[in-house]
Structure formats: structure tokens, C-alpha cells
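Structure incoming, see below.
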Amino acid sequence: MTAILKVSGVTVRFGGIHALDDVSFEVTPGEFVSMIGPNGAGKTTLIRAITGVVQPQSAEIRLSGREISNLPTHKRSRLGLVMTHQIVRPFHSMSVLENVIFAAGHGRIQSVFGAMVSFDLSRERDRAMKLLGLLGIAEMADKSVRGQPLGVIKRMEVARALALEPKLLLLDEPLAGLNHIEAARLADTVADINRRGTTIVMIEHNLGEVLRVSERLVVLDNGRKIADGNPNEVMRNPAVRAAYVGKDETDAAA
Amino acid sequence: MGIYEVSLATIVLINIILALGLNMITGFCGQISLGHAAFYGIGAYCTAILAKAGFPPAVTLLCGLILAGASGVVVGLASLRVREDFLAITTMGVGFLFLGIVRQQEALGGELGISSIPSAGMSKIGFMLFVLVLAALAAAFSLFIKRSWMGFAFDAVADDEDTARVLGLDVAAYKLSAFAMGTAMAGLAGGLYTYFARFIVPDDFGFITSITVLSMVAVGGIGSVFGVMAATVVLTLMPEFFRFISDYKLLVYGALLFTVMRFAPGGLAGFLQTALRIRKARGETG
Amino acid sequence: MLKKRIFMVMVIGLAVLITYAPLMAAETIKIGFHAPLTGFAASDGKSASEGAKLAAEQINAKGGVNGKMIELVIYDDQAKPAQAIPIANKLIGQDKVAIGVSGSYSGATRSAAGVFQEAKIPYISAYAIHPDITRAGDYVFRTSFLGEVQGRGGAKLVGDTLGKKRVVMITLQNDFGKSLAAGFKSAADKFGITITNEYQYSMKDRQFGSIVAKVKSDNPEAIYASGYYFTAGPLVKQLRAAGVSVPIIGQEGYDSQKFIEIAGDAAEGVIITTSLDRDSDVPETKDFIAAFEKKAGFKADMVAASGHTAIMVAAEALKKANSTDPRAIRDAVAETDLKVSTGTIKFNKLGEVLKAVQNQIVKGGNWHRHSVIDDPELLAPPAE
Amino acid sequence: MLYLELLIQGIIYGSMYAIIAVGLTLVYGLLRILHVAHAGLFALGGYLGLLITNATGSLLLAMPLAAAGVGLVGMVVYRLCYHPILDRPPYVALIASIGLFIAMEEIYRLVFGPYGLTYNDVPLQSQIAFLGMNLRTAELAIVFGSVILLGTLSYLAQKTRIGVAWKATVDDPQMAASFGIDPLKVRYLNFFIGSGLAAIGGIFISLLSNLVEPTMGGVPSYKALAIIVLGGLGNVTGTLIASLVLGVVEAFGTIYIGHLMDRDAIAFAFLILVLMIRPQGMLSGR
């Protein structure tokens, strides 16, 4: 089976510091991969490099076999490569529903001229409502994003990402900041989305949930990949334990 | 209507087109421009030169509009490179650069400007009605854009362009179209001003004009078409209202700008919205 | 509810505005006057309007015009063309003035001139120098020099009267400075002047360090520098402070006591071409200088004298025409032959005047007569 | 020789720019607002300095008094104008600031008259021969005064408790607040010092031109914005470098390319050029 995402030799330097050093990994269609590692390991930088928000010094990124590392972010997104931010970035001036409708209309806004002459948003609204329902926040639809609790916004962002009809969804710490029950619910939802056919790569510190829902683990430390494979095997890997216990006890405990 | 009222109405309508143009860039798309007067000037100079060469208004105005819009795209390219406050000051620089260069071009009349511009071939009232139609079209066009998916995309760019990009939006294309449309409207306004005044000098299109237009947009309520139109009417007519306190006129103007921003930062539109508890949502389900 | 209330307030406001306007006294003749009373040019606007008010008072004290008092309707145009147009329309359409006078700068004056011409109401520009003002049409007149004429006068003063041949020009970048420079250059050859260099500065500049340094290294025999008192004062002061001691020749823009105040000792010996002769024996000029200082509380300058002159000319024409017909008033203005503070006003076909140029020099902290240029051929204004 | 003289004039221009722009960049660094009314405080400094000098005959007395007075006014401006609208989008503060600036200029005109004021006896006019140039004491005072004031400021920022608190707040307001630094106090201090420096700048400039006029803040109102953007918005070192570079560019530009564009256009052409190469300014912010 060909990989849906094949990343090879990603190197990112900020100033003189190596944020990522020659990282490679693959994702096969339908997989649920979680990426873990201590703070500052380079996880966020890696998915930002994959989506093109960060420019790597060198990288080869293939989406379903197609080289995409020279495409701008919005074009990668149109090919089905979608990410959510670690720190929530909703459109504050819009309602919860509008945020999702906008993403659902990604086909309408592809061309400037097309966007200028299309007005109807009933189809997008229906789709957006369905997604909000799937994420369990349909009742917040018409509320302004401002003042919503983090749990709602995180869910909204997942709905928004799904509205883009991704082939591959990159989630950056979707569970961070949520309480125990909220986190479990959202993790279940994500697993459900995966079962419906969306390939998922998730950065997450919440090891409990990660181990519960994901099929594979990729571990980064200091900008390098130190482990990749079955969750239970990976967790027994001494290098992984060292990285966690040595540097980031609090997070590992969480 | 006497000739005084007609001339006031004409200048108000011209300013409405000008301000709606900036509202497209700053209000809809969130790109602050402090150099809008430069495009007003480009339209005015283009129209003036062609009119003196004997072309009819339909041609001259269209050329002014296109030239201003094209220049707007070039400046829009700058908005792809610099953001927010840097962009504000860059556009301000564009305004000063335009003025500094025009002043030294003898072909454009230099400091003496261009005078004896032929009339548009209409009576004063006829011209006012002509501008009225164009202003109505500009307003309708603004509302049309605001309601379209393009307006939705502008909202997204204005709100958070990085997120918009991640959601698959070609932010650059939208910014450039906002600049193109907004500056083209400024160019049209400039051409109309040329036929109204039939005499133009570089100082008509200086920094103060840019600031005045931005004030109209901000006082009206950034992004609100009706708010901006109302503010344009009020701010353009203010000197006339306050003729009786001639000496304090500019003081009142400054104080008003300050007061509105200080106590009603959303401008007239925001003030009314709060007062009337209107919230318009695109996704209203009810 | 609130919407309704706001609407009501607007309606009431509008109603007040409409009823307020036509309140007017019966037995007066109105002269419209616009000048920059606020904004960057407010100082000239004040001088011009004080001069104009003095003229109106003097005329009314002598019984007005044909038994009617004259009334000045003064509006502020901020020296902005876009503001001058509605003002001109207001003066004509609402105030129904018999004649309009500009105490403003060129841009505003040129725009208003078009409006007056179109309405066929006579219009006099007091001190704006733009060549196209009178070309607006046959209802527009100017009681001052054109910039170019004065520039030619300056060339004669430098090359002939003072005998200086190697000249550096420092030109103010606006219509005033540019037309002076054009006139000066056009007559330079005639008086054997070589212009070794020309530098430009903008109206907003007050610091001239780099120009001064360059002029010093050019080492000219004289400097022809255009400007207003607020730019020329600092310029002259900085030139002298850097050790540049050659003659500095200016124009009517310097013509204010404030120039001497700013430049201080450095002002001594500066010569300008203007239209107000401080040491004049002509009673009109002497009386004006005295009366103005008494009324305004500061010394008369060229702008004040020009405002005064223009109103005097307007009133005289109204008297002669003895009619409300604009055509008759226009013809009376065209036939003006009047001695006023700035000389004898007589218009040519285009509506321009031919006056002698008064050269004034700063001596002992005051303006005094230096010489007079009275060369009709050199000073001839354009006739079309 | 001529180049050296032009360079020195450029440094004099640059020193004046620096002392005005530093206050502005401090405000930007702390609050992210473009404080146009800073130029109004600069003009107020000119007026106070001149009036006190004329009344007492002592410039040395006038400088600290004017700086303190204007510093206090700056604090009031912060409290009344910016404090309530800090959470609003940046253009709100910008327009409010412009309104305030217009009103300030008009107040000066109404109170002190349109003609401007001059010194009874201008201080620091004696001449010093320096490498064959005649420099005025005032010109040297501007250069050395700026160096001393800004040097002292940076020393205090590093060595005193309040200075460290101030720097910490500029670097990271939340972190500083968590260490018990009152951000409000820091802001007041910031406005006091920035406005005081602007006042000194106003006095310096009036010494060269012997003229304090209502519109004297006009040029600084936008030029200082260009400088802080050039310097990287909020970066003090960048602002100082940008001031000097711009001063020198203008000194040479007005002589050698003055026939192509005016002084403002030269400055802004340079600004745009730099920003297109380095969108974050010469030195990037914080």
C-alpha cells in the first residue's frame, strides 16, 4: 500500500538551533498515528513544516506520492492536508457555526472570481451543522466564538478542519487544556472520525488517551525521531523512557 | 436646490465613493491603508490629462479607474510582504512618494497643477445626479461583495490571515483583489473630483486627505457600508455645519474624531448595534 | 425607539440649519471673502482678513457705497481647493454676494475662480500668484503680481541693481516658489546672471543644514531664495550662522515683521521684492500702515495690504457701477483706476495689474525702502 | 569636506529625530499603538520651553521644567485617551490619536496665535569653528544633549529597580506582572519619559529655527512613525540607528536628488526600499 504521507529528511533551523534534524516517517491511509515527545522536541515544528507554515531548510514531503514541499499552505490544504493549531485560532469575529461554514465553503473560495458571484451558503450550513453535531456542540452554533470555553473551541476547530474534507488530518494537541471528561470525549470523537476513513496524525501529551486510541506512536526528542511503531513496544523503548523521565516528568505524569 | 447645496451634495457623493473604496481594503479585508489619497490622485490626474486631450468622460473616468486599480495591485503586493502597522506606514510612504514625484513632474503641471479642465458636459445638477448614480452603484457593489463568499473570505483574512491560509484560502489573491477594487473606486472618485473642481493640484491628494478618508471609515464603523456612508456625510458637511464657529471648526473636528474613537470605538455602526442590540450573523439558523 | 429618536434629532438639526441661513439685514451690499483662518496657512488668512475688515470699516465710516453699508461675508477655506468650491457656491447661491474676493492661496483661489466665472459674478484675487487664476475668464481679476513677474523683478534687482552675477537659487517647492523661480530664470540671461545651482525645499521644512552647507561650498555672489516668513526666517538665520554673508534676495513671502523677529540680526540687509513700501510718501500707503497697526495690534504686512487693496477695489467698483447687475459691476472692476496701499490698480485685458515692484530692505529691525523697479516691459503681466 | 559637512548635518537631523522617536517607540513597544499625538506633545514642549526661557532668561531652567510639564501631560493623555481603548483593534487608538493631535494643534493656534512665537534672545547661538565649519552651539548641544539623555536613559533602564521593571514589562508584560510589577505604573513612567524627551526635542528644534508655531508637530507626526517602523517597531536601538540613517539620507538626498522628489518622498522611498528587503525593519522588534 502506498503511503498517504511520506516525509523524508526534514531539517528546520531557527537561527543556529536545529529544531528538526533529518526527520523521516510515513503514514499509510486510514492510520491513526500519534506523535509524542517532550516539550521543545519539534513536534509542532514538524507538522508546521508538513503544512508549509514553516519553511524547512530541506525536506521531501509527498502526499499520496505527489511532491508538495514547494506548494504554498493553501494549496496543500486543498489537496487534503489539514491541520489544527495547538493554540486555538478561531475567527473571533464570527460565530461558532460561521467558522465551520467558512471552512465548508473551501470549494467556493478557491477562485476569487467564483467567490465574488456566489452567495448561497445553505449547503455549507447544513454540512457545518452536521459536523458540529458530530462533535457534540450543535447547540453552540449561533454563539459568538468570543467567550466560549476552550473545550467548545477545540471541538469547533476539529469540526472546521473536517469541513475541509481532509484526506489527512494533523491535530496539534487537541486535548490540551481540557478536563478529564472533555478530553476522553474528544479523543473518542477523533477515533470515530478515523474509523470513518480520515487518516489522522495527532500530537498529544495526554499519554493515557494517546495509548487508548492510537494505533501507532512516533516519538521525537531534540528534533530527532527516536522511536516509531506499536504503542506498547514504543513505550517499552529505553530511549523513550529516558527522554520522558529525564526531561519532562510533569508531562509524562499527566 | 441652490448651487451651494448641489456642490455640497456632489462633494459628499464623491467622498462616499472614495471612502467605500477604502472600506473595501481596510473595512472588509482588514488591511490598513494610510495612503488612499494617492489612488484618488492617480485617478484624478489620469482623468484630467485625458480630458484635456479631448477624450469624453466615459473614457477618461474608466481609464482613471483602471490605472488606479492597477497601481493598487502593485501596492497590494507590498501588503503581502509587510503586515499590520508596518503596512500602515508603508502605504503612508506610498502616499508621500506619489505626492513627491507628482510635484516634480512638469508634464503633470508640477506645483501649479492642472487647470482649465473641460467640463463633463452636464449641468451642475446633471453632474450631481451622475455622481449619485455612481455612488449608489459603489454602495450596491460594496453590499454585494459583503454578502458574497468573497466578503466571507475577506472577513477571514481580516480576522486571522494565518488561520485563513491553513483553511485553504489563497490569502494573497484576496488581498490583491481588495486593493484592486478599493483603489479602483478611489480612482473613479478622483476622476469625478477632476470634473467637479476642473482644477487639481498635488496637495489635494496629500496625507491629510488619506487621514480624512480613514477617519470616515473608522467613525462610520469599520466594514459597515451604511455606517461609512453616514460618517462620510457627517464629516464632509462638518465644516459647513460649524461655519458659525469658524475659528473652532478644526478643533471641533479633532475633538469629535477623538471622542468617537474613545467612547464608541466601533464607530457609528458599532454604536447603533450596541444601542439596538442587533447582531447580524451569517449562519443564523432560526 | 432609539433609532426614532436619532432620526428626530437629525430632522430638527436639519430644520434649524435651513431656517438659520436666510437671516440677513436688508440695507447692505455683500462682499464675499474667503481665507484660510484655520489650518497650516492660518497666519496669512488672519492678516488678509484683518486687512479686508479694515478696508470695510474705512469704507463704511465714510458712508458706505452709494448709501448702503458694505458687509463682508468671511468664510474659512483652510487653503484647500476642495473646501473653496462649496464656499464659492455658498457665497454666490446663498449669500448672494455682489462680488467675491479671495484672501487665500492659489489652489483655493483657482478653484473658486472657476465657480465665480461660471456664475458670472466678479471675483478678485488679493495675493494668490497662480498664472491660471485670471484665465478662468473675464469675471476674474487679480490685484497683485504674478509670481513670474515678481521673479523677473527679482532678477533685475540681483543682476542690475546689485550687480551680482553668480547666483544660487533656493526654491520653495510650491506654486509660489516655482513661479518665482521660473520668472527669475527667464530674465536671468537679460541681466547677465548665471545660476550656478538650485536647491529645493518643502513648505514644511524649517531645518536647512544640508542646503546651507552646500550653498556655502558653492560660494555664490548672491542667493535668490523664495519662501514665506516662516521658512525664510529660519533659512536666513541658518545661512548667516554658517558664515554665508553674501546678499540674500527674497520676495513678498518674507514681507512680515515676523520674518525679522525670527531671523533677528541675520535679517539685516536682506532685500525683497514686494508691493508694500514702508517709507512711502503716498498717503494711501502711509494711512494704511498706521491704521492697520492700530486696528490689528501688529505691523502690516504684504498680505494684509493685499486684502485691504482687493476690498478697496471691489467697493470702488460697486460704487461706480451703482447697480446690482453683475455685468455692470464686472465692467466697473475692469475699468478700475484706483490708488491704494499697494500702488495704482489698473487692469489689463486679462484682469492683471501692472504695478511697480517695491524693493524693501531690513535695516535696524524694520523694513525700509531699498529701490523701486518700474520697468513696464519687464513687469508686463500676460494679457491672455 | 562638503561630504563631511553634509554628514554632520545629517547627524544633527538624526539626533533630533532620535529624541522625538524614542518616546514613540517606547509607547509602541509597551502598548502597540501608533501614538501620533506624541508630535503634539513635542510642539507643547517647544511652547513651554520658549515661554519659560523668555520669562526667566534661562534655558537651563526651561528644559527640565518643560520636560516635566509635558511628561505630566503625556501621562494624562495616556490615562484619558489610550487606557480605556487598549483592548480595541490598533486603528482605534490611531484615529483617536490623530483626532487628539488635530485638536492640540488648534488649541495652540487659538491660545498662542497663528504666527508662531520667537525667543527674545535665542540661546546657544555663539559659533564654534570646527574643522573649518561654523557650527552653532545649539547644533552641538542637540547632538551631545541627545547622546547624554539617551545614554542616561539606557543606563537607568539597566541599573535601577524601576528601570529593570520597565524593561521587563516591555519584554513580557504578563511575566513582569506575575513578578509583582504594576504594569500601570510602568506605563505612566513610560509616557512621562517619552513625552519629556519629545519636549526636549521641541526645544532643540526651536533653537535652530527660532520659531515655535502651532503646526511644528506636523512633520514629526508622520516622520517619527516612519522612523520607528524603519527601526523595527518597539526596538529602541533600531530606532536610534534608523534616526541617524534617515537624517543622513535626507541631508544628502535633499542636495543630490532634491530635484526628483522632496524631502519626505526621499525619506519614504528609503523606508519602502528597506521594508521590501527587510519587512520587519532594520532591527526586528523585541
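Letters A, B, C and D mark the chains as written, and numbering starts fresh at 1 in each.
By our rule, a residue touches a chain if its C-beta (ideal position, glycine included) is under 8 Å from a C-beta of that chain, and two chains touch if they have at least 3 such contacts.
The structure presented is a predicted model; accordingly, all values stated were derived computationally and were not measured.
Common neighbours of subunit A and subunit C under the contact rule above are B.
Setting subunit B aside and leaving every other chain in place, the chains that still touch form these groups: A | C, D. Averaging the CA coordinates per chain and comparing them to the mean over all protein CA atoms picks out B as nearest. Comparing the centres of all chains, each the average of its CA atoms, the largest separation from subunit A belongs to C.
Rounded to whole angstrom units, the spacing between the C-alpha centres of subunit A and subunit B is 41. Averaged C-alpha coordinates put the centre of subunit C at 35 Å from the centre of subunit D. Remark: subunit B and subunit D have CA centroids separated by 31 Å (rounded to whole angstrom). Residue numbers of subunit C whose C-beta contacts span two or more other chains: 38, 173.
Annotation for subunit D: residues 106, 259, 262, 264 touch two or more other chains.
Shared interface positions of subunit A, i.e. residues touching 2 or more other chains, are not present. In terms of which chains touch, the assembly is arranged in some other way, matching none of the line, ring, star or all-to-all patterns.
By the document's touch criterion, interfaces exist between A-B, B-C, B-D, C-D. Interface residues of subunit A, counted against subunit B in their complex, comprise 51, 53, 72-75, 77-78, 82-83, 85, 89-95, 97-98, 101-103, 105-106, 108-110, 112, 114-119, 121, 125, 128-129, 141-142, 144, 160, 164. The touching residues of subunit D, when paired with subunit C in their complex, are 1-2, 5-6, 8-10, 12-13, 16, 106, 109, 114-116, 118, 122, 125, 127, 133-134, 136, 139, 205, 208-211, 213-216, 218-219, 250-252, 254-255, 258-259, 262-264. Only residues 2-3, 6, 17, 37-39, 74-76, 78, 80-83, 85-86, 89-90, 92-94, 106-107, 110-111, 114-115, 119, 130-132, 135-136, 173-175, 177-179 of subunit C touch subunit B when the two sit together in their complex. Of all the residues in subunit B, the ones that touch subunit C in their complex are 2-8, 11, 103, 110-113, 115-116, 193, 196-201, 203-204, 239-241, 243, 246-247, 249-250, 272, 275-276.
Against subunit D, in their complex, subunit B makes its touches with residues 26, 32, 78, 81-86, 88-90, 92-94, 96-97, 99-101, 103-104, 207, 211, 214-215, 218-219, 222, 247-248, 250-251, 253-262, 265.
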